[in-house]
Every structure is written in structure tokens, then in C-alpha cells.
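Got some structures for you, see below.
One chain, chain A, appears in both complexes that follow, with chain B as partner in the first and chain C in the second.
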Partner chain A sequence: MANTWGYGAMTNHFGDIVGHSKAIFVIGANSAVANPIGFKHMLQAKDRNNAKLIVVDPVYTRSAAKADHYLRIRSGTDIALIYGILHVIFKNGWEDKQFIEQRTYGIEDVKKEAEKWTPEVASDVTGIPAEQIVQIATLLAKTKPATVVWALGITQHSVGSSNTRILPILQLVLGNMGKKGGGCNIIRGHDNVQGSTDMCNLADSLPGYYGLADGSWKHFAKGWGVDFEWIQKRFFEPKWMNAKGFSLAKWYQGVLQEEKTYSSSPIRALWIQGTGITSMSQTLKVKEALDKLDLLVIAEPFVNEAAVITDKKDDVYILPACTQFETEGSVTATNRSAQWRSKVIEPLYESKSDEQIMFEFAKKFGFYDEFVRGMMMGVKEGKIQQVKKDFVWPDDASDEIARIIKTIGLDGWTAKRLRKHQENWHMFDPITLEGKGPMKGEYYGLPWPCWNENHGGSPILYDVDTSVKEGGMGFRNRFGLEHNGVSQMADDKVTVKGSLVQGGYPEITKDNIEKVLGITLSDAEKALIGANWKVDYSGIIEKKCMEKGVAPYGNARARAIVWEFPDPVPMHREPIHSPRTDLVAKYPTYEDQKNNFRVEVKYKSEQQKQDWVKDFPTMIVSMRVVNLSGAGMLERTSKYLSHITPEMFANIHPDLALSYGIRDGEDMWLHAPHGTKIKVKAHHNVSVTPDRICLPYNFAGVFQGVDLSANYPEGTKPYTIGESSNIITNYGFDIITQISEYNAGLCRVEKA
Partner chain B sequence: MSKEILHDVSLRMGRRSFLKMAAIGASFGATAGFASSDSIRSATPTEIKDPYPGSKRVKTICSICSAGCGIVAEVHNGVWVRQDVAQDHPISEGSHCCKGIDQIDLVKSTQRIKYPLKKVAGKWQRISWDQAINEISTKMLKLRQENGPDVAMFMGSAKFNLQQSYYFSKFAAMWGTNNIDHVARI
Partner chain C sequence: MSEMARMKFYCDDKRCIECFACSVACAEAHELPVGISRRKVVTLFDGVEGKEISTSIACMHCTDAPCEQVCPVDCFYIREDGIVLHDKDKCIGCGYCLYACPFGAPQFPRDGAFGHKGSMDKCTMCAGGPLETNSKEERELYGQNRIAEGKVPMCAAVCSTNALLVGDAEMVSDIYRNRVASRGKNA
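So, the complex of A and B:
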């Protein structure tokens, strides 16, 4: 998504769906149980606007039960479906020609690929009737504005990054971007997953998606008040500073080294503060890696099952971290709004807050002074420098973030403003997020980009009919000025409302600012200004841009071709373990990947190793349940919530179950291609068809039939334990992000 | 003990020490309190209207999903006593799902990790924070000495708040590695 138009985030917001959407296309999301309050907004849109709700899912979910149209798709064929829809749209000339002409690049290539995908071809691949594909394409073309909603059902595939591009392309073709009621409304999972992604607890970037290039490190070194060379020396060698680290998906190979790895060291210590270990795939490999570690450090409010699934006898530590209600800070909601979360009570028992734990160890590791100095920095006379001798958490940390993170426009997110929004949350309109009374001119939670301390935030991304001051903007200029001789700037006719610069323009740099904005900088300004808008601590670029009604990041075209990806235009590729051997030949996966996140990844060699479906004839799909989230570490310690699903199960169609002699409520074994197995209760259920089963992924504490109760520290065992479905989640990873292919794979059912 | 006395004592002593004392006195209190119904006094009009006089209502945000629902937490003498929906919150408008409404119980769950633990020869042992911090940092630094900073993998959280999350990224950077990730599931 970020590779299409600049930012990878929900473009609109829930209230906007209620107020303005006429159609809601939900694919790979079951909000009715995963985000019930988010889903409430879709139901309100149905009630108030007569919005049509379309749900695409391999399983007839609770969300599907509320839909006007339900499309039962085969897992891992989303791209084929969207091409089928695009085929119908292009064939009938229903595309938004003006939008495509003026604000996009490369749609011609998409059109060419779509020609192959007649409704019949798409139907054969997806399992959705051709007539239904035509019906939905017609509905989407005739019903504006329509919003597209997705979640992890889209991203968790070997083609996940293509999936997240084809849906934006659909919205570009329909001209639904930058419009009220339109957009791509990606629903994030955990409460601050948007924020933690923005802060890049990730192996491939510094906070704010700055990447890992030296220029980015230098920007942070300045903001942190440390020498670049000092940070560089902290790394093994300078080159490792610029190399992506191991990812969550395959870190265990850093320990086990069964697949070829490329790092300066094997992993010998694992430090976990708040990631459920069983939410990763290949759980047996994870367990083997845990067993082999020299040191395992866990800081959690509840026992992390990393401490339970391992047989490691020594050097395992669990530190009591407090919950989020025993500390204070802000969280970023799925719509990019910041919300201040006040401390309710002091940390219970001997628990400490996560920041306190980091501070304590930073002292021991010898970098405490450097660690906290960023909170004492400030911009004085246009230069970043240390301005005080002490700090107040979390206010000074918030202000530090606002000072440094310019890429996504967090400039305006000072602690003072965020606190004020919380105090006055009753002053904002739920439909538009507009403030009223004293909060007039600001949107609730200052949805980023929030360009400066007076900016009110941007509730709808890429809206050129609204001025930059009021949250409008074009697409971000992130991919150069031209490609194959074609300008990547928006058309001359696309002028952002109120902009004194006509038509498209590039991202603003020190070198082009005078020319693009038509201004002359003084010598003093020239001496202070940073190289470009992302690293300009002086604030001059942002200030000059605002005066001209210009977004610092440019006004460019969204691109349908991502030339640096293996598939410049999204292509359907069968899952690594596909039930359709005939289609594997026609739509094979990628070539094996030599090194991504420091480890090799198998694609074709795994897909074509054998005719998998012969031995593993049943598809597996993950599902959500209303009472549990993530690895279930939190909710399974609740008496009330765990009571709703007291044991691990899989939904299985009675026809399939009974063909194996499995009655409703009996145990069954599920075997995975990589030789693992889990024992779960069979729930006869017609939400699935006989070719697939679905199962929740939120359990742990039982491992391949073995009860691990004895491994929990006394008094910490949750009310419910069970097999983790990720023990049998098949091998498979996205080619770019390396996210596991949780949502497509095969298994064999056996009566237990 | 009457409620007023409880109230005053806890205010003077602070919650933690008060709770410790309350635990010591629990058996005595129960006997004295329930021995005779004569000892129950009449509830005051204030109490009938509000069982937690002097409590404060704290606005906060649910820690389950990214919708970002508002919560109003009622806190009495440092104890979270009641959870209310936030009717005037612009996203949730008074709604909660079953997970969200259970946040008060999550915090108070008996299954919390209460003190640092260490596994020794397969058995869990209670240790002090000082011991935990000293031992862990010594071991971490030894590994770093032997193999360099890429010897460690850091997993953060989508349950961190923004400030913690940013500081966790900085923590890994200053340790000297890009081996950092979390369940962002992007």
C-alpha cells in the first residue's frame, strides 16, 4: 500500500463509513468478532445509508452473516478475484478515466493483465461463481462511494504484498480514493499496532519508516543528541546497521541455522516484551530454537507461552511488566488518530512498566545517558540541541517523537495537545471527527499527517478537494520524479484546494524549495534548512509549505507498477501448498529467495516438492473468535472470556467429519505437510465447506497432544489452554515482508 | 471497622501498605464483622448515591483492538473499582465488546506475574528485581562480548504505547542490532 501511494495505513475512518459509504467491500476481515465496535459502524452505514455490505471470505463468518452479498473465496486467490472484477469494469468502460489519467501511473499494465481474467477464468481459480463476480463488479461500478476494508486475511499470504496492492488499484480504477466514504480502510489488529508499526519495532526500519540508510541514522543521531559514529560503533560492523535484521517470521533460523542465514552472529539470546510466541507460524521450529537459546528474557503481565512450550531448564527469566492501565502514554487507533491513555492505577505487585524495565537495563548496558537524552533536546534558533537537564515521562518522549518523526507528519503530536484531545473528546463529531467549540479546526486525535503544532490532522488521506491546512493532500511523491520517461507528478489539473502551486509537484527539498514554491530563502534560512522535508529540524520547509498550501511530501501519482518488486504488477500465484495442482503449473509461486531478513526462504522448491494435496487434501483457514485476540495470552486469563471457548476446536463440515468417522465434539488429529500435528475438538459446522476446515489461533499450552500445564509458574496458568493452530500453519512467507502464510495451507484430518 | 475508618486509614497509609495490613487483619476482620448483625450500621445517603465517595473517574483507552474505544475507569483509594463505557467518546460512543468491558478484570486477574521468576534446573524460583537485572545484564553483556550485538533478538509489542514502542526501537538500536520485530502482522 505504501508502495502505491506513499503511506501504508487506513486512509479514512470508521465514522466516515457511517456517514458516507454506499458500499462496503470487506475482504479478509471478520470485524464482527475481531473489532466488534469497528463493525458496528458498518452496520450503522447499512441502516443509515442503505449501504451494501459485501463480504469475501473462505468461511461464512459472523460478518458474512450480516452481509448483503457473501462471496466464498478459496484461500489465497484474492488477486484472481480482483482481476475478475477489474476485467468486467474495464470491459464495460466503467473505470474512472479522469482519475486514472490525472492521478495514477501504470494502470494500463493492470488493464492488460485483467484482460486474461474473464469472470469464468477468475471463477475457476477462486471458486466464486462467474455471475457473482459480474454482479459485484457492477455493484461496485455503480455505487459510489464504496470503501474497501481488509485485515490479516489479505496480508498473511506468500502473495500478501501483492494482495495489499491489488485492492488499492481497484479503488484507484473506481476513483474512490481521497473521497469521503471511499478509501482503503485497513483494520489493524492490536490496540496500538498502527503506532508500534509507525514506531517501527521492525527489522527493516528506524521509527517513522525512515529505513536503515546512513542518512536516516544521522537524522536520528541528531534527534537523540548522540554522535552518528557512536551508534555506528554499537553495531558489529557499519554494514550491519544498514542491513535488515531477522524478522519475527523466521528469527528461529538465526538460532537453528537449518536454512542458510546471513548475519554477523547466530542468535543466542531472545528478549521478549509483549509478543505472544504462539502467534508465529512453525511453532515446532520456534520451540526448538527456544530450547537451544543461551538466554531467554520475558517481560509480561501474564506468562508468555515462550516460557511454557520450551524444555529449556535454565537461564529463563520472567519479569513482571504491568498492564497498559498502570502506565501512561498515547496509542494510535487504526485510523491514525492518537489517543492519550491515562494511568488508572499504580503498577500492581512487583510489576514495573515497560519503559522502566528498558531504563534499568539501559543503565546496565551502559547507554542510559544516550538513551534518554532525546527527551531533553529541543529546537532552538532553528537548530536541534539539548535544552534541559531532566525529563518527564511520557510527555518528553511524546515531544521527542513529534520533533523527529516528520515522514508521517507527527510534528503536531505534542503531549500537551494529545492530553487536550482526551480531556475534550466529547467535543468531536463521530462522523467527521471535526472538533467543535474550543476544539474547532482540529480533528479528533489529530490523525497523521499532522504537519505542525497548529495543524488539525488529516482524517482522509489523499483528498485534493480539501486544503492542506484542513487535512487535504495529493498522493505522496515517494518513487522518484519520473519512470520510463513518464512524470510521476500529478496532472496539471490536479491542484490541491487552496494550493498556490498549481498541479502536481515533487517532495520538497532544500534544492528545489525555491523553484517549486516560487520563493527566495534568506541566507540565514539557507544556513539552517535541512536537506529535505523529512530531516529538516529547522522547520523551515514545513513552514514555507504551509504558507503556500503545499504538502511537504509532494503531489504525485499513485503507481500501479512497483518496478522494484518481483511482480511489478500484482500477479496471481498459488499458495505454497495449494489444493489445485493443475493451477500450480499455471500460476507457480516465486523462485526461492536467497536472503530476506538474513535468511533464505523456499518458494518454488517447496511448492513443487511433491503433489501435496494427495496426502493433505483439506485446506486450513484461520479464524477469529469474539472472546480472544492474538495468542490469547490476555483473554485466556479471564474467567468470563475463556468460558466462551473453553477448549481449542476446529470447525469442520459434517460431511467431511463423518467421512472420517468423526462425530460432533469428538477429538481429531490435524496433520501438516511439515510433519507436525495437533489434537483438537471437531465442531460440526456448516460455515465451512467440506473442502476446508477453520480454526482459531489463540490457544497454547498443549503441544502436539501433550499437556504442558506443569510448565507454567505456579498460579499463572490461564483458565483455558489448548493446541496452537500455528503448530500446523504451513511453511510459506510473503516475498517482501516475510509475514507467514497463516491463511492458506493444507492438512490431513484423522480421527483421534 | 466502618467504611469511613477504612477510607481514612487507607488514605493516610497509601494503598500498598494498607493492603498488606488489610491482609494481615483479614481473619480478625471477618470474625468481628460477621459475628453479629447488630454491628452493621446504616448506609449514609451519600453512600447510597455513590458507594465510592471521593473516587476519581479516569478517561483511558481500551488495550484490546485498534478501534480505540474509550473507557472511564473509576478509581477509589488507588483501586480500580468500576469500569464504565464512555458515552461521549467519538469512536466508541458508549459501545464495548466483551473483551473491552473485561479490561478491569484483566488488570486484576489472579494470573498476573507478580514478581521476577527464574528457571533453575527446570523449576521456577522467585527472585528479586536486583538479582534479575544483575544476572540478565551480565549474561547479555557476556554474549555480546562473545558474538557481537547481533547475538540478540528483540521482540517488542503492538501492546506498547507509542512512547514505549519508540523507546524499544531505540533500545535495540543502542544495543547495536536490527534484530527487532513484533506482531505487527503487516
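So, the complex of A and C:
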């Protein structure tokens, strides 16, 4: 997504779906279960707009049960389906030619690839009838605006980063971008996932998607009031500052070193704060790595199952972190809007808030002053400097974020404003997000980019029919000025409403600002201005841009070719463990990857090691249950929620189950290609076809048939425990992001 | 609410997604023992394409409540607003009401742990029972009395899709009628 048009976030919002969408194409998302309140908006759109709901999923989900059209897809073939749809669209000339011509780059290459994907070819790969592909293509072409909705069912594949490009491409071809009721609405699965993504709690970027280049570190060093060299010295060698760290998906190889790693040292200590360890794949490897660590520290409100699955006896520490109800601050909703939350009660017992734990930690390690100084900084006379001697939590933390994070336009997100939105939420329209009365001119939660303290936020990204001041903009200029001699700026005819600069323009820098905006800077301004809009603490670039109705990040073309990726246009590639050996030959996966996130990753060598489907004939599809989230460690401590799913199970078609002699409610073993197995209850269910089973990933506490109850510290065992499905999640990772291939894989069923 | 108000539940099965919010919130609010469901969420034709349907069921607070008619000790009483309640001190736990009830609303304890909540338990539409309003005793035996506090019953308040409607029968049918009327009309 970000590689297509600049930002990788939901472009529109739920209210907009209710208000304007005429068709809703949901793929790789089961919102009825994962986001019930979000799903309400789709049901309201059905009721109010007669919107057509299309659900694409390998199993007949609760969301599918509400759909007007259900497409049963084979896992891992989303790209083939979309090409099938594009084929029909192009063949009939239904593409939005003007949009493509004026606001995109590289669609020709997509068209060429789509030519191969007749509905029949796409049908053979996806398992969806050809007539249904034609029907849905026709519906999407004739029903505008249509929105595309997805979640983890799209990202969690070895081709995840191509999946997340082919769907934006579909919307570009249909001309649904930057429109009310259109857009790509990626739904985040948990509270504040957008916030933690924006803060880049990741191994490959500083907060705000700044990346790891020296320039980015320098920007942060300034904002934090510390020397760049001081930060640099904290690394083993300077070069590691710019290298991606280990990812959450494969960190265990940093300990085990069974696959080749590229790091300054093996991992010896692990600190876990806020992630369920059993929600990662390759759980057996995770366990082995935990066993081998020198030190394991867990800071969580509930006992993280890392402490339970490991046999490690010494040097395991569990620190009680308090819950969100015992803290205060801002969170970010799936639609890029902020929400301030108040503390309901003081932290219970000896538990501490996350930031308190980090403060104590920083004190012990001797860098507390540097750690908190960013909160005492401010911009005075156009310069960033320390402006006070103390800080107030959490307001000064929020203000620090607003001061530093310019890439996604958090400039306007000061604590004061966010608090005001919380206090006045009744003054906002739930469909348009527009404020009324004293809140007029602002959108609820100031969806980013929110360019400055007077800006009202941007509810719909890339909408050129709205002025920048009111939240409009073109696509972001992020990939250079030209490619293969073709300008990446939007066409001359694409002038953002109210802009004094005609047509497309590049992102604004110190060097081009005078030329692009047609202004002359004073010497004083020249002395203060930062190198570009992303690092300009003086605020001059942003201010001058607003005066001209210009978005600081440019007005460019969305690109369908990502030239730095292994597949410049998205290509269908079979999952690492595919049930279709014939198609593996035709659509093989990537060559093995030497080093991504400091570790090598197997692709072709694993995919073609053997004819997997012979021994593992059944597809695995993962699912969520509505009462549990993530690893379920929080919800399984609630007796009422536990009661809904008292045990781990898999949905299995009666025909498949009975062919193994497994009756409804009996135990069965599921074996994975990498030699692991889990024992779960068989639930006869026809939401799955006989070629696949479907199982929730929200359990832990039983490991390959062994009950780990004894490993829970006294009094902490949840009401329900069960096998973690990730024990059998197959080997496989996305080529770019390294996210695990949770949603395509194989297994063998056996009567227990 | 007018004098003629009659409180009713309605669950729109085109909306209900079996999220269990209503039944879990009910259990939490009234501190019910696990296994006693004043409100149940059911899915019929689970997984069957084009047929699957989910809905949430509790006591429907019938106008001519069959439970009231068959109760041998006359423990049921119907409030002016139509809410059907019963007196747990009178109830002998015979189970006649369960036979009479078309919705399986009356719940019976499975073990002694439930004893203190009386013999039969069912949805009160969050209106408590015959004991002193909002007293500790009422709360323990019948759960919260949200109606007395002017609040919406818990289940409908938390329904994630607005499937579950509650209130004066006329208002409920107005909301539903509008929803149905606009369905497919592009309104």
C-alpha cells in the first residue's frame, strides 16, 4: 500500500462506508468476528444504501453469512482472483481511463499480466467458478463507488506484500481512490494497532515510518535533544544503526542460529511487553529459543505464555504491567484518527504502567535523562530546543510525538486538542466525522495527516476534490521524480481543490520550495528551514505550503510497478506448501532469500523439497473466534468469555472427518510438514469444504498433546487452555515484511 | 414513555452476527453463574451457504405470558409496562414455566452454587424483582435494576450491530419498520 501511493493505512473510514459505499468487497477479513462494531457499518450500508456486500474467504464465515455474494477462494490465490477480475474489466474497457491516465503509473504492465488471467485460468487457480468471477467483475465495474476491505487474511502470506499491492491496483483501475465510499479500508485487528504501527514498533524503522537512515536518526536526535554520536555509540558498531533488526516472525533464529544469521551477536536476552508469544508461527522453534536464552523478562498484565511454554527454570522474570484502564493517553483507531483515553483507576497492587516500567529500566541502565528529554523540548523562534526542566505524563509525550512525526502529519495532534475531541465527541457527525458547533472545521480524532495545530485532519486520503486545508490531497510523491524517463508527478489536469500550484508537484524540500510554490524565502527563513518537509522543525515548509493550498508531501502518481521489489507488478505465486503440485511448477515461489531481517529465509528450496500434498493432503485455514483475541491470554482469564469456546477445536467437514473415522466432538491429531502436531477437538461443520480445515489461533497452554498447567505460576492459569494452532502453522514468510504465512499451509489429519 | 408503553425485545436476524456481546454483558452485569444464560445467542444452519442465521433469545416478556398462567404458586407478575417478573421467594423450582415457555427462557440451577439466586432465574429486562428497588437484596437475587435507573437493558446497550432492540413496542417496531422500508431503496 505504502509502496503504491505513499501511506499504508486505511484510506477512508467506517462512517464513510455507511454514508457512501454502494459495494463492499471484503477479502481476507472476517469482520463480523474480528471487528463486530466495524462490521455493523457494513450492515448499515446494506440497509441504507442497498450496498452489495461481497465476501471472499476460504471458509464460509459469519461475515459471509451476511453477504450478497460469497466467493470461496483457495488460500493464497488472491492475486489470481484479482487478475481474473481485472482481465474482465480491461477486456470490456470498464477501467477508469481518465483516472489511470492522470493519476497512476505502470498500469500498462498490470494490464499485460491480466491478459493471461482469463476467468477460466483464474478459476482453476482459485477454485472460484469462472462465471462468478465475471459476475463480480461486472458488479464492481458498474457499481460506484465501491470500497475494498481487507485484514490479515491478505497480509499473512509469502506473497503478502504483493497481495497488498494488487488490491490498491484494482481500486486505481476502477477509479475508486480518493472518493467518498471508495478507497482501501484495511481494518486493524486490535485496539491501537494503527497507533503501534505508526510508532513503528518494528525492527526496520524509527517511529513515523522514518526508516533507519542516518538522516532519520539525526532528525530524532534533534527532537530528543541528544547527540547523534551518543546514540551511535550505543550500538555495537555504527553500521547496525542502519540495519534492520530481527523480526518478530523469526527472532528465534537469532538465538538458535539453525538458519544462517547476519548479526553482531546471537540474541541472549528477550524482553516481552505487549505481544502474545503463541500468536507467532513456528511455536516449537520459539519454545526452543526461549529455553536457550540467558534471560527472559516479561512485562504484561497477564502471564504471557512465553513463561509457560518454556522449560527454562532460572532467570525468567514476570513484571506486572497494568492495563489500559489504569493508564492515560492517546490511541489511534483503524482510520488514522486519535482518541484520548482517561485513567479509570490507579494501577492495582504492585503493577506499573508500561512507561513507568520503561523509566525504571532507563534509570538502571543510566540513560534516564536522555530517555525523557524529548518531552521537555519545544520549538522556539523556529528552532528545536529544551524549553523546560520537567515533564507531565502523558501530555508531554503526546506533544513530543506531534513535534517529531511529520511524515504522516501528526503535527496537529497535541494533547490539548486530543483531550478536547474526547470531551466533545457528541459534537461530531458519525457518518462524515465533521465537527459541529465549537468543533466546526475539525474531523473527529483529527485523522492524519493533520498538518498543523489548526488543521482539522484528513478523513479520506488522496481526495483531490477537497482542499488541503479541509483534508484533501493527491498521492504522495515518495518514489522519486521520474522512472524510466516518465514523470511521477500527477497530470497537469489534477489540481487539488484550492491549490495555487497547478497540477502535480513534488514533495517540498528546502531546495525546491521557492520554485514549486513560486515564493521567495527571506534570509532568516533560509537559515531556519529544514532540508525537507519531513525534518523541518521550523514549520516554515508546512506553513508556506498551507498558504498555497499545497500538501507538503507532493501531488504525485500512484504506482502499479514497484521497481525495487522482486515482483515489480504483483505475480501469483503458489504458497510454500501448496495443495496444487501442478501449479507449483507453473507459479513457483521466490528464490531463497539470503538475508532479510538478519536471517536467511527458505522459499523455493522448501516449496520444492518434496511433493508436500502427498503426505499432507489437507489445507489449513486459520480463523479467529469472536470471544478471544490474539493469543487469547487476556480473554481466557474471563469465565464468561471462556465459556463460549471451552476448548480448542478445528472445524472439519463431516465427509473428511468420517473418512478418518472421526466423529463429531472426538479428538484428532493434526500433523504439520515440519514434524509438529497438535491434538484438538473435531467440530463437524460445513463452513469448510472437505479439502480444508479451519482452526482458531487463540489458544495456548497445551503443547503437542502435553498439558502445561503445572507451568503457570500459582493462581494464573486461565479458565481455558488448549493447543496453539501456530505449533502447526507451516514454514513460510513474506518476502518483504517477513510476516508468517499463517493463512496457507497443509496438514495431515489423524484420528486420536 | 406513555402509559400504554409495552416493553419488548426484538432481534433483527439480518443484523445479528453471533458476537455474544449481549449474553456476556448480561452475565457480567447480573453476576450470573457460568452456564446460566438469561440471554442466549444461537446460530441455525451453521456454515450452510445462504441459510445460516444468528439471533439472540431471552425472555420475550409475553403479553399473555404462558409461564404466568401455568405457575402453580403464582410467582409471576406482569408490570404495567409489560415486563414479566417473578418472585424467587415464592418459586418452588417445579419447572412448569419451562414447559410452557416457547423460548426456553427459564433457567434452572445445575448445582448448589446457584442456590442463593433462587430456584428459577430468567431475564428481568434489567428490571430487578419484587424486593426493594436497587437494594442489595434485589441485586443479589435478581441482578441490576437498570430500568429503575433510567438505563437501557444491558444486552441492547452493548449490541455491536444494533440487531437487538428494546423499548416500548411501538418504538421498536418504528425503528425496525424504517430499517426494512429503507432496505433496498437506496434511502
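In the analysis below, the second predicted complex is superposed on the first by the 752 of 752 C-alpha atoms of A that agree within 3 Å, B and C clash if a C-alpha of one lies under 4 Å from a C-alpha of the other, contacts with A are read in each partner's own complex, and residues count from 1 in each chain.
By definition in this document, a residue touches a chain if its C-beta (ideal position, glycine included) is under 8 Å from a C-beta of that chain, and two chains touch if they have at least 3 such contacts.
This is a predicted model, so every value here is computed, not measured.
**Q** Kindly classify A:627 by the partners it touches after superposition: chain B alone (first), chain C alone (second), both, or neither?
**A** So A:627 meets both chain B and chain C here.
**Q** For A:639 in the superposed arrangement: first (chain B), second (chain C), both or neither?
**A** So A:639 meets both chain B and chain C here.
**Q** In the overlaid three-chain picture, which partner chain does A:70 touch, first (chain B) or second (chain C), both, or neither?
**A** second
**Q** Thinking of the overlay built on chain A, is A:688 touched by chain B (first), by chain C (second), by both, or by neither?
**A** Only chain C; A:688 stays clear of chain B.
**Q** Just to be sure I read the superposition right, which of the two partners does A:60 touch: chain B = first, chain C = second, or both, or neither?
**A** second
**Q** Is A:651 contacted by the first partner chain B, the second partner chain C, both or neither?
**A** After superposition on chain A, A:651 lies in contact with chain C alone.
**Q** Per the contact definition in the header, classify A:36: touching chain B only (first), chain C only (second), both, or neither.
**A** Both chain B and chain C are touched by A:36.
**Q** A:474 contacts which: chain B (first), chain C (second), both, neither?
**A** Touch status of A:474: no partner.
**Q** Any idea whether chain B or chain C touches more of chain A?
**A** Of chain B and chain C, B contacts more residues of chain A.
**Q** In the superposed arrangement, which partner chain does A:50 touch: chain B (first), chain C (second), both, or neither?
**A** After superposition on chain A, A:50 lies in contact with chain C alone.
**Q** Return the residues of chain A at which the contacts from chain B and from chain C coincide.
**A** 36-37, 40, 626-627, 639-641, 644
**Q** Sort out for me which residues of chain B touch chain A in the complex.
**A** Touching chain A from chain B are residues 15-16, 58-70, 73, 75, 78-80, 86, 88-93, 95-100, 102-103, 105-122, 124, 129, 132-137, 139-141, 143, 147-171, 173-186.
**Q** Give the list of chain C residues in touch with chain A in this complex.
**A** 14-15, 17-21, 24, 27-28, 34-35, 46-49, 52-54, 160-162, 179, 182-187
**Q** Looking at the complex, which residues from chain A come into contact with chain C?
**A** The touching residues are 32-33, 36-37, 39-40, 43-44, 46-50, 60, 62-66, 70, 626-627, 639-641, 643-644, 651, 685-688.
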